[in-house]
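Order of writing sets the labels: A, B, C, D, E and F. Residues in every chain begin at 1.
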Amino acid sequence: MPYDVVTFGEAMIRLSPPNFARLEQARSLDLRVGGAELNTAVGCARLGRKTAWVSRLTNNPLGRLIANHAREAGVCTEHVSWTRDDRVGLYFLEFGAAPRASSVLYDRKNAAIAQIKPGEIVWERVFAGSKWFHVTGITPGLSDSAAEATKESLVAAKKSGLKTSVDLNYRVKLWTPEQAGKCMREVMKSTDVLITTEEDIERVFGIKGNDYEEAARKTAAEFGLKTIAITLRENPLVWRNTWTAMLLHEGKVLRTKTYELEIVDRLGAGDSFAAGFIHGMLDGDVQRALDFGVAASALKHTLPGDFNWITREEVEAMLQGGGLRISR
Amino acid sequence: MPYDVVTFGEAMIRLSPPNFARLEQARSLDLRVGGAELNTAVGCARLGRKTAWVSRLTNNPLGRLIANHAREAGVCTEHVSWTRDDRVGLYFLEFGAAPRASSVLYDRKNAAIAQIKPGEIVWERVFAGSKWFHVTGITPGLSDSAAEATKESLVAAKKSGLKTSVDLNYRVKLWTPEQAGKCMREVMKSTDVLITTEEDIERVFGIKGNDYEEAARKTAAEFGLKTIAITLRENPLVWRNTWTAMLLHEGKVLRTKTYELEIVDRLGAGDSFAAGFIHGMLDGDVQRALDFGVAASALKHTLPGDFNWITREEVEAMLQGGGLRISR
Amino acid sequence: MPYDVVTFGEAMIRLSPPNFARLEQARSLDLRVGGAELNTAVGCARLGRKTAWVSRLTNNPLGRLIANHAREAGVCTEHVSWTRDDRVGLYFLEFGAAPRASSVLYDRKNAAIAQIKPGEIVWERVFAGSKWFHVTGITPGLSDSAAEATKESLVAAKKSGLKTSVDLNYRVKLWTPEQAGKCMREVMKSTDVLITTEEDIERVFGIKGNDYEEAARKTAAEFGLKTIAITLRENPLVWRNTWTAMLLHEGKVLRTKTYELEIVDRLGAGDSFAAGFIHGMLDGDVQRALDFGVAASALKHTLPGDFNWITREEVEAMLQGGGLRISR
Amino acid sequence: MPYDVVTFGEAMIRLSPPNFARLEQARSLDLRVGGAELNTAVGCARLGRKTAWVSRLTNNPLGRLIANHAREAGVCTEHVSWTRDDRVGLYFLEFGAAPRASSVLYDRKNAAIAQIKPGEIVWERVFAGSKWFHVTGITPGLSDSAAEATKESLVAAKKSGLKTSVDLNYRVKLWTPEQAGKCMREVMKSTDVLITTEEDIERVFGIKGNDYEEAARKTAAEFGLKTIAITLRENPLVWRNTWTAMLLHEGKVLRTKTYELEIVDRLGAGDSFAAGFIHGMLDGDVQRALDFGVAASALKHTLPGDFNWITREEVEAMLQGGGLRISR
Amino acid sequence: MPYDVVTFGEAMIRLSPPNFARLEQARSLDLRVGGAELNTAVGCARLGRKTAWVSRLTNNPLGRLIANHAREAGVCTEHVSWTRDDRVGLYFLEFGAAPRASSVLYDRKNAAIAQIKPGEIVWERVFAGSKWFHVTGITPGLSDSAAEATKESLVAAKKSGLKTSVDLNYRVKLWTPEQAGKCMREVMKSTDVLITTEEDIERVFGIKGNDYEEAARKTAAEFGLKTIAITLRENPLVWRNTWTAMLLHEGKVLRTKTYELEIVDRLGAGDSFAAGFIHGMLDGDVQRALDFGVAASALKHTLPGDFNWITREEVEAMLQGGGLRISR
Amino acid sequence: MPYDVVTFGEAMIRLSPPNFARLEQARSLDLRVGGAELNTAVGCARLGRKTAWVSRLTNNPLGRLIANHAREAGVCTEHVSWTRDDRVGLYFLEFGAAPRASSVLYDRKNAAIAQIKPGEIVWERVFAGSKWFHVTGITPGLSDSAAEATKESLVAAKKSGLKTSVDLNYRVKLWTPEQAGKCMREVMKSTDVLITTEEDIERVFGIKGNDYEEAARKTAAEFGLKTIAITLRENPLVWRNTWTAMLLHEGKVLRTKTYELEIVDRLGAGDSFAAGFIHGMLDGDVQRALDFGVAASALKHTLPGDFNWITREEVEAMLQGGGLRISR
């Protein structure tokens, strides 16, 4: 079945102590599923797009649980590669409060996706008739073969005529800036849209500007990118942030509303920006893509879990200025 | 038994996902009981007033549960009309966080109260020796026969010598402004005290002023009302509001303290204002009624559920300026 | 996409107090999704069959939640008919313990499925290339138009070349035995396989035998049915039952193992028998169908919720005699 | 208001670790309210009797919580004596499983009820027009002044024309058999109906028989009692017991059905027998009183908490032979 | 074993309703352990100090639970004096939200620690080779004999060559300012470091200054104290405070960073300041002691429970300016 | 500090869905700590023995949590070897019900303990003055170096004069019977007491008898063992088992009581037998060791988690015949 959006990457079981407890205090853990590219796939599916997520999963209860959650949120898992080997990655999340930042303890080593091999996914079959492919800098950071598979996927996407977007998403616990930079520079060759932050541009590509706009311009120039989206967060506190994004598109800078956020769970916020943005781009309206991306991801901060359980109608209502009164 | 306060209306089972989850994410729902007039009855009972709540309920576990909760909070349920027919209304509540407003999904159609018929409650027996009767604009909005029963109850209350208060409480999901306006204008004829917001005055009666004070004055004039209370909320965020009220009494405007609120659950806040206000009015002190109403309802925002589980002593301590230190 | 199995019927939100509490004691309710035909669809999907569930749902968070749960369990919801009207049915479940039986309080009136109209589902598109269609006596009991839609679906299924199975599933709270009997006799005309209990045969068709075998033979004779499966439960206690089934197939009686059950949740057990049985029939092995149906549904009793979250491997292991030791 | 049943005694906050955990393992405790005479009052109220519970409570959140729970279950708390002194008694309950018995850790010393003084309750006002008074051997065991108050209450009850019942309920943690025996012998002078076990007769009164029937006869003879009810439990396991009772009435022995129980929570079972028995006695039918008492208390074992959240209809249905099938 | 830090005092079972509910609303209570001196002991142990907590506990599940929690957090309980008598103290905590302050209901009367007698602890054995002894003004406030034991402990500590610190910690529910003043003045004779607030200096010693600095200077002068630490909280709201401290050391005033806090649970914050401060003092760096105390206790506000489940590394990272970004 | 008992092995974080849910259904997981040798250490500590557990743990929140839980239960963790590398092992546990067995999903690969090297633990320091050393067949099964470290520990224990016990504990998911057999035969050379099951004797050593007694005799003969304990379980159901053990000691067979069990959680039951048995052996009474081991482990089945949170007094009371009545 042709998809509006295909994404490719890891998803993990996310375990977090309830009520701001630390892991050492926990006697139970809330279980959710998360992973950058799956989060984006969910975001697209919730906005009404036919979406598939491609990954490699161990066929045990934990692996199946991940696929179940993807489907529950409307994402097709038909192209997941199942194995009896390896393990399912986990991450442990502690919610913070000022002055204690939230923190993440990864236990993702030797997960099935890290063993994915180029050629394992028949990309032309996945991509046939589809429109958009999205991946982040996490997937190639998982292992050398995952990096190869990522590049393969992007090349195949371009070949099949899909638009491609890449979220830099640098993870210091996976690789060094040098390793990331080398790989992502190659990835840029098959990238149409870059989604990132000012900080990641500097860490991964070593590109600095006087401000994020200049950094974006330099990056666009260096890689010949037509479109770069940069998300902008101010976090003086843990439970209160502001959130917006800017877009550099064909040399022009676009801006949108800045949201004041009361934060329930900020994991997956960037990924839901990508989803909203892709949704808008599929409609061919760049400003609306930016608006939609920021509005959708602003809402994401108010929901528990990595997935953005909103509806298109809700985002649209917010873009038209819905307030904070209870509707009744 | 003669009551200080009698209220009349619907109460529903309230079901809400814990921890800011959306309904689609829920695997369990917190169960509470709520309904505007029952909430006000509870507020009065907690302040030490003998209080009865009149309604119609299906005699099944859910209907009994509603009556149980009312009694738990000190409200007499002796005059509830029980039936084996119909169903118990429900409402599903999602708690929001900026920029996502909290939202309510009603499933109250065909509830027992909507089938109440004029004559079903023997009001002279309920009212004998009692002092105050309170109802809101929700009850007549439930059905034509409920509207008739509401008017009947107010006429009977006046006949039995009770003071009457009405909270406009316009609900767009129940009826149109036109329908509400027509019915509530008639209701005003038996109303001594009107409790409302500037917005509802405009929506229901189509009365606008340059500010809420003028709107109140025009309303008082139009319906010959001696006393109108208007609650005032500012909600730049979902978890932080300010809250106060003004009172137009015999042509004079009274004001009281504005509270800075950290919000746990704002459902039932307006109803607990009514309770505190009625409590003060029963003591014959208008300014204190206003002070008490706002203080009691400010506290309500900090408690889970629609009911205001405070004590008179706590409200009085707050009126005397209690701070935010832990008492120990 | 062609399906191995298609089912058609209602699914409801199921709300139950945890830990054997009664509804009147509940302060939270566990939320699950259940409905006979959806349960069977889930059972088939979990055994590896491509399965679709057809229904009519209100497009609100509760309706979407039902579809989400179906997809989570591997069932296709593409053919669900969505509406903005009506409501989502609920049922409240109290778990019992001897001598108190478990009990169910339905609140399913005016649910969207009851308003389904013949012609609303384009059955030929659903059935194209598919193999098996399953429905129960609940669907036609929901309303006259649902009964018409049920008959329509069965006729269409036969026309499209599918095998059809019907579980009698008489519900006293939906209709009288006479109403059910009249309708289900007509339904039998398009039925290949009847799944039921001795008691329902008597209640719905008024057919009695000296034992369940004779009752089955009489029923087969009366409706010209080649295959009748009868599930057999003994419940001297609530938490301990025995469970098996017999099959009358082309005049021969087949039997299988009787399981001793420690019961966690028996809702959906009969439906998961149907699933296991259909799974086996699709492989063309009648004895194995019976074995599989009983083994799968024996396992169902040990899982919370209406859905049978087992795997085909687990059922097969049990058929080969797996014990009660912890595997490690 | 005249009551069908009045009871008098202590109620405590009951705190128990969920899921069979031990106290040392607990990170949360389930909170309920229990106390022998309150449990019986609740049992009577649930069966439709107008019931009041008399006690002495500290006016703090814990004391109010106890009264709230009593009212929630339909019991009048108007005659409770409130104090600002003393404390609210607690008991910690660990649920067992064979071969570990359930266990109770009392923390009830210096509770308000222990400080109750004769004359504190105006019994003639409580009893005016009422029918039945019930107390247990726990109340006089709490303190000397509580013992005096108990005797006073019974004398007043007889004077006001009420029937009186006493449940021996010997508690080894409160007093010695000698102390209990001396006091309860005096209590017997104002007792119409004695409810107890064979074991307590021996421990408190030192009366032994060859069997419980003979023990009952000897006790009846010694104290001139017309009616003695003896509950009979067999507990080879913790989660499975059998339960019945016998009645010695005017020299005749009456028996009733023996129930096979799957036990959720056996606290309050004896108290709910008393409630069912009193309910039947109020109707003047001794055999039905015995039947009702045993049936109601058999159901109690299947519910969490000390209170018997059943309805009269449910008990009556069980007496007519309701089975263990789910009604739907 | 010689300890870096020894503390002496009561610890109680702390019971609090979850999710901002009031006690009257609670159906379960979260259980934790807290007590000023134990909290400080835990704070020291978590920072890597060998720490013992001395107390008197009833040997029942609740008393053992307290010792278990101390050991879980790394505190030695070898010198606890166990008894079969008395009871375990409890405190009930309601979490507030503006304008409702959090509140505490103590039920600590007759706890084992109040019966401690001078001579019961062999202090020379506890202190042999140890470095620092800490106690608060709560311990002597529990009873006369506890006051004697406290003075005995301080004298013994000085005799064994330990540094001593005392947190004034005035508790109005335990004793009057006069009683506290009289006792604490005597305690000051064996005190090296005083930790307190401006308010407590005034309440206990009647010493006032134009500001807290002057109050500290006067106190230092009056008791000949070399070191006084004063914690400073601003709480315009319940969930948002600022927090810092000042130190008067050898006549010089030291200051440190002021933290903006999002508060999860402020119980034990002062105690964790003492811990961080002692930790720094043991390293002989006064400024760092102040920095460490404030940083550690700022973090404490973000954790549920009285114990400060942080690590030394985390405090050090914060002192070096860690931000609020999620590390990944 | 000299210990009564030292054990050596892995402990893992145990994660299990509540209420018999399957992993695929879980939205939260209960967190506990378990591991055969730690479980035995806890069992000994709870019976009053000074006990240390030796292991290797990653110094992150999960590793610290394991050590915290050990200390909470009274076990010394001073000799744990901490590392910044590797990971903390996990295991996922699904509770079953007949006919579904409970099941365990291990995720223990690359845990810190598997990287332990001979020489890493200074055994002579751990063992100095201690009495008993216990290890199971799991530790050597974790890796080759863990096997070497295990043998080293046993040799060192014998050299330091400790008694040694080994529980065969064959784990099919760790190694083949051949691998286990080869290693454990060597282990037997330093073993004084063998604790095992008939099945494991056959799987690991290939020794079969006509019954378990004969198998024990043959094993004793083959390895020159003076003492072999064999636990005996019958599990016709998951929630109901019988449990006992036999002892072959110096050629004589000893037996003890068989317990009827209502099972809450059987994990760690064998380990708590070892603990009770060692406790008795330390007192030098072989029959009492057997009695104590079986009684203690019978109680273990009734508690959640791997740890045996009982007291010595409770086991002794049970040995003297305590019944299933609630003590009050």
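Quick note on the criterion: contacts are C-beta pairs under 8 Å (C-beta built on N, C-alpha and C of every residue); 3 or more make two chains touch, one makes a residue touch a chain.
Predicted model, so just to flag it, every value in this text is computed and none were measured.
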Practice item. Using the contact definition stated above, find the chains touching both chain D and chain F. Key: C, E
Check your understanding: Can we say the copies chain A and chain E touch using the same residue numbers, with more than half in common, or are the two sides different?
Key -> different
Study note, to complete from the structure: Between the Cα centroids of chain A and chain B the separation in whole angstrom comes to 45
Study note, to complete from the structure: When centres are defined as mean Cα positions, the distance from chain B to chain D in whole Å is 40
Review point. Where the centres are mean C-alpha positions, what is the separation of chain C from chain E, in Å?
Key: 61
Revision key, fill the gap. Residues of chain D that touch two or more other chains sit at 18, 22, 24, 27, 68
Check your understanding: Based on which chains are in contact, what kind of graph results: line, ring, star, complete or other?
Key -> other
Check your understanding: Tell me, which pairs of chains are in touch?
Key -> A-B, A-C, A-E, A-F, B-C, B-D, B-E, C-D, C-F, D-E, D-F, E-F
Point to revise | chain B - residues contacting chain E, complex | key: 18, 259-264, 298-299, 301-305, 309, 314, 318, 322-328
Exercise for review: Could you please specify the touching residues of chain C with respect to chain D in the complex?
Suggested key: 19-22, 24-25, 96-104, 106, 171-173, 235-239, 266-267
Review point. Considering the complex alone, what residue numbers of chain C touch chain B?
Key: 15, 18, 22-24, 26-32, 60-62, 64-65, 68, 87-88, 90, 92, 94, 105, 107, 109-110
Exercise for review: Can you check the complex and tell me which residues of chain C touch chain A?
Suggested key: 1, 68-69, 71-74
